[in-house]
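Quick notes on the structure that follows.
Chain naming follows the written order as A, B and C, and within any one chain the residues start at number 1.
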């Protein structure tokens, strides 16, 4: 399926091996030693291919699929076509993701330091590091084992990078400590000065930004993202956060573990997110706020107050979900020529 | 006019030559062999200079202009000052653009591969290719004839680039097939992983992104734009699309021919645009939607439903034009202290 | 305080010296020769450290602080704890910023041109210029005294850069004239073509962009910002403007002195800002508008009309402050089930 010019496939794997690595179980009756060679979508999969069902919307495609095997929730197993081998998982998408990672693992670090890279003599490189052409590693940088650094990236003075981390092409890092298994995408900017100055009609006066950026393990930072270093405290990206492209994160922001920050959203200085909070695309959060754990901020929202843990907010200024949709509905009635009172009145 | 340090001017051209290359006609009575040396705005143009009129708002400037020649719609020709040579065109701005391209053509590829570029021995280079200092071209890349690659750009493994395409400084490409006459601006990021993972409270699990980015001929991709590769299907940018700076295009998005995507807008995964649809600045479109051919989405709108071909939508959540402006007007009345009913009522 | 791996501290300085360089006065009774070694926040500062109070909200922290010295407004001096040395300033944050700059000055240009930089033989370099590895300086560029250019930045043909300017990693400049003491952050894109073309169903036709970008002295341009060159006139960024990350500035835009343009905001073509106007985060301004001096545009606003000097606007489409908040309040009442008339009516 995947274009072999761009993707190297591993495998094949037995059904039993895929079950083991993905936290699934082989359905009774299926052959544990069935060999699978690739992954594919339900409607395109065939012999030797593994697919998945994660959404009841695709039940018909599932029942009609010619996939040799499929990851599915146990409750839907009886909808499978005859002859399909099943991997049963209560988290079928997660199990599928682990199988797909087995077929298409991240490239290994080659252990080659390109002669066209510029690595300062005082930088410390771990075992098996790969550094591509055009990369600049400045004095005192510490690069962990098996780190891969793509062409033309820049690693600033004394920056530390944990093991198995990947730095994308043309990214630049300074004033930061990066954990293990982090993925920094191309063009990301990490550690530059925050936007801090004393406004003055004569001349704005820059305030030195004396903190760092700390990125914990297993974080992803999307393409052309900007994460400013702290003004005094550090900017902190917690373990396992997923940050999409073109996101802006201001100085002193702290994200708890597992937050999801979608494309083109922005977080102003000193705001804190609890773990697993979600900021959807193009949304913005003002400075010095607290967003509770598991809170969800809808796309394009503008948040000007703290958000309670586990709640959802929408709109600008952002409102709780129920209130926002009532407002949208009310506006709809008004413009259809009704007054917002009488029998059309929502009442609330 | 244009600063000669930055722009190399061609010409001069005769009026007849400009008419021929721009799809215009020389007005009867004008000298076809009149020599023109440059382009200039109506109010600054003089001897030997060509200007244009595209908007009735500038009729006075047209009538007062000292330009030697002007591109104008036939219906406005009688407003020209005496002595001005006219090029008549039903698409005067288009004709002017073609004349201006003649005076200021894109630089030719020099055919020089900089000794300070890092081109893998297995890359295939066409005729007359220009590769600047600091460029990295990885294994197996195929670079078409007369392609120009600016300093410090990165062309990933097996990427294909069509003839006469221009790659800007510090741009990075991977997992993609690029057509002919494409312009990729500085810092654009094409082909990195899409934002796909199985969310999990323990640890989000990355889903391998196994598609590509396909960019057809004559596309422009603005500075610092991000276009993610497909998750399985490809991300597709149709022929002649114009994409402005800092746009985000998610995995599996498909744009038909000639779409216009203005700065800082974003398109979520798997959404499809019909041909010649327009997404204005800072607007966003949710995932898995269909935007019809020729539809127009206003600036800062947030689109959460399909949009019919040829229609215009505004606001968040986006509404049809008429409904949106009625809503804005209604809000205006409400805040001026009127109730939205009785004689102030819009009625609808 | 600041991590010595990333920050080099100068000093110590006497209280008197800090007063002199920051426009403050030593409070009567304090020892002018008190030696200070560092800056620190009120709640963390101790012996030998200087802090500041700029906001009455932190009066308690001030009164409890163990900082050896503090910059404070004269009106609040009596709230200081016993034994604290005071620097009195009517602009305490500005004075503090100047002190902090003394302790943490910008690094000096090293005067070293890296042998791994690619500087065209026709480029003109001033005294003491620092050019890092991987930098490309094209033909005819003129680089002022003590300019610092970070790794992998690209300086295009004939670009001019004033003295003491800093160019960040992976930034790219073309078709531009840059003033003195400018800071260009990593990944900024300056001088590429504006988004100009004649729309056409057959094929959009690019209009050559024949202007430049002019950046005056003391400007800051944030990470991954895009500033397009003019279409014919120049794009102009006035003296002392502060531009945050991921901002888009279209062709022909002109910003007066001291404007503040916050992250992810965008300004469409040919719009002019008077001096000291503020565009907050994620806001957008349509093209061909005039924003008056000192005007303030709130976060996420969409401005479609001129804005008067000194006024504040909010929302999309943007409204004057009072009207916007009345609208928000009215909406709140409506969704709580009230009709917008009768005794709940705002009246206005």
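We adopt the following convention: contacts are C-beta pairs under 8 Å (C-beta built on N, C-alpha and C of every residue); 3 or more make two chains touch, one makes a residue touch a chain.
What you see is a predicted model; the values in this text were computed from it and never measured.
Visitor: When the Cα trace of chain A is superposed on that of chain C, what is the rotation angle, expressed as a multiple of 5 degrees?
Guide: 120
Visitor: Same or different: do the copies chain A and chain B touch each other through matching residue numbers, with over half of them shared?
Guide: Counting shared over all numbers used gives less than one half: different.
Visitor: Between chain A and chain B, what is the separation of their C-alpha centroids in Å?
Guide: 29
Visitor: Which chain A residues sit where two or more other chains touch them?
Guide: Where chain A meets two or more other chains at a single residue, that happens at 134, 152, 170, 187, 224, 246, 264, 282, 300, 331, 339-341.
Visitor: Help me check something: in the complex, which residues belonging to chain C touch chain A?
Guide: Within the complex, chain C touches chain A at residues 1-3, 5-7, 39-41, 91, 93-94, 96-98, 100-101, 103-104, 114, 116, 132-134, 150-152, 168-170, 183, 185-187, 218, 220, 222-224, 240, 242, 244-246, 258, 260, 262-264, 276, 281-282, 299-300, 315, 328, 331, 334-337, 339-341.
Visitor: Looking at the complex, which residues from chain C come into contact with chain B?
Guide: 118, 134, 136, 138, 140, 152, 154, 156-158, 170-172, 174-175, 187, 189, 192-193, 195, 197-201, 203-208, 210-212, 224, 226, 228, 232, 246, 248, 250, 264, 266, 268, 282, 284, 286, 300, 302, 316-317, 323, 326-327, 330-331, 339-341, 345-348
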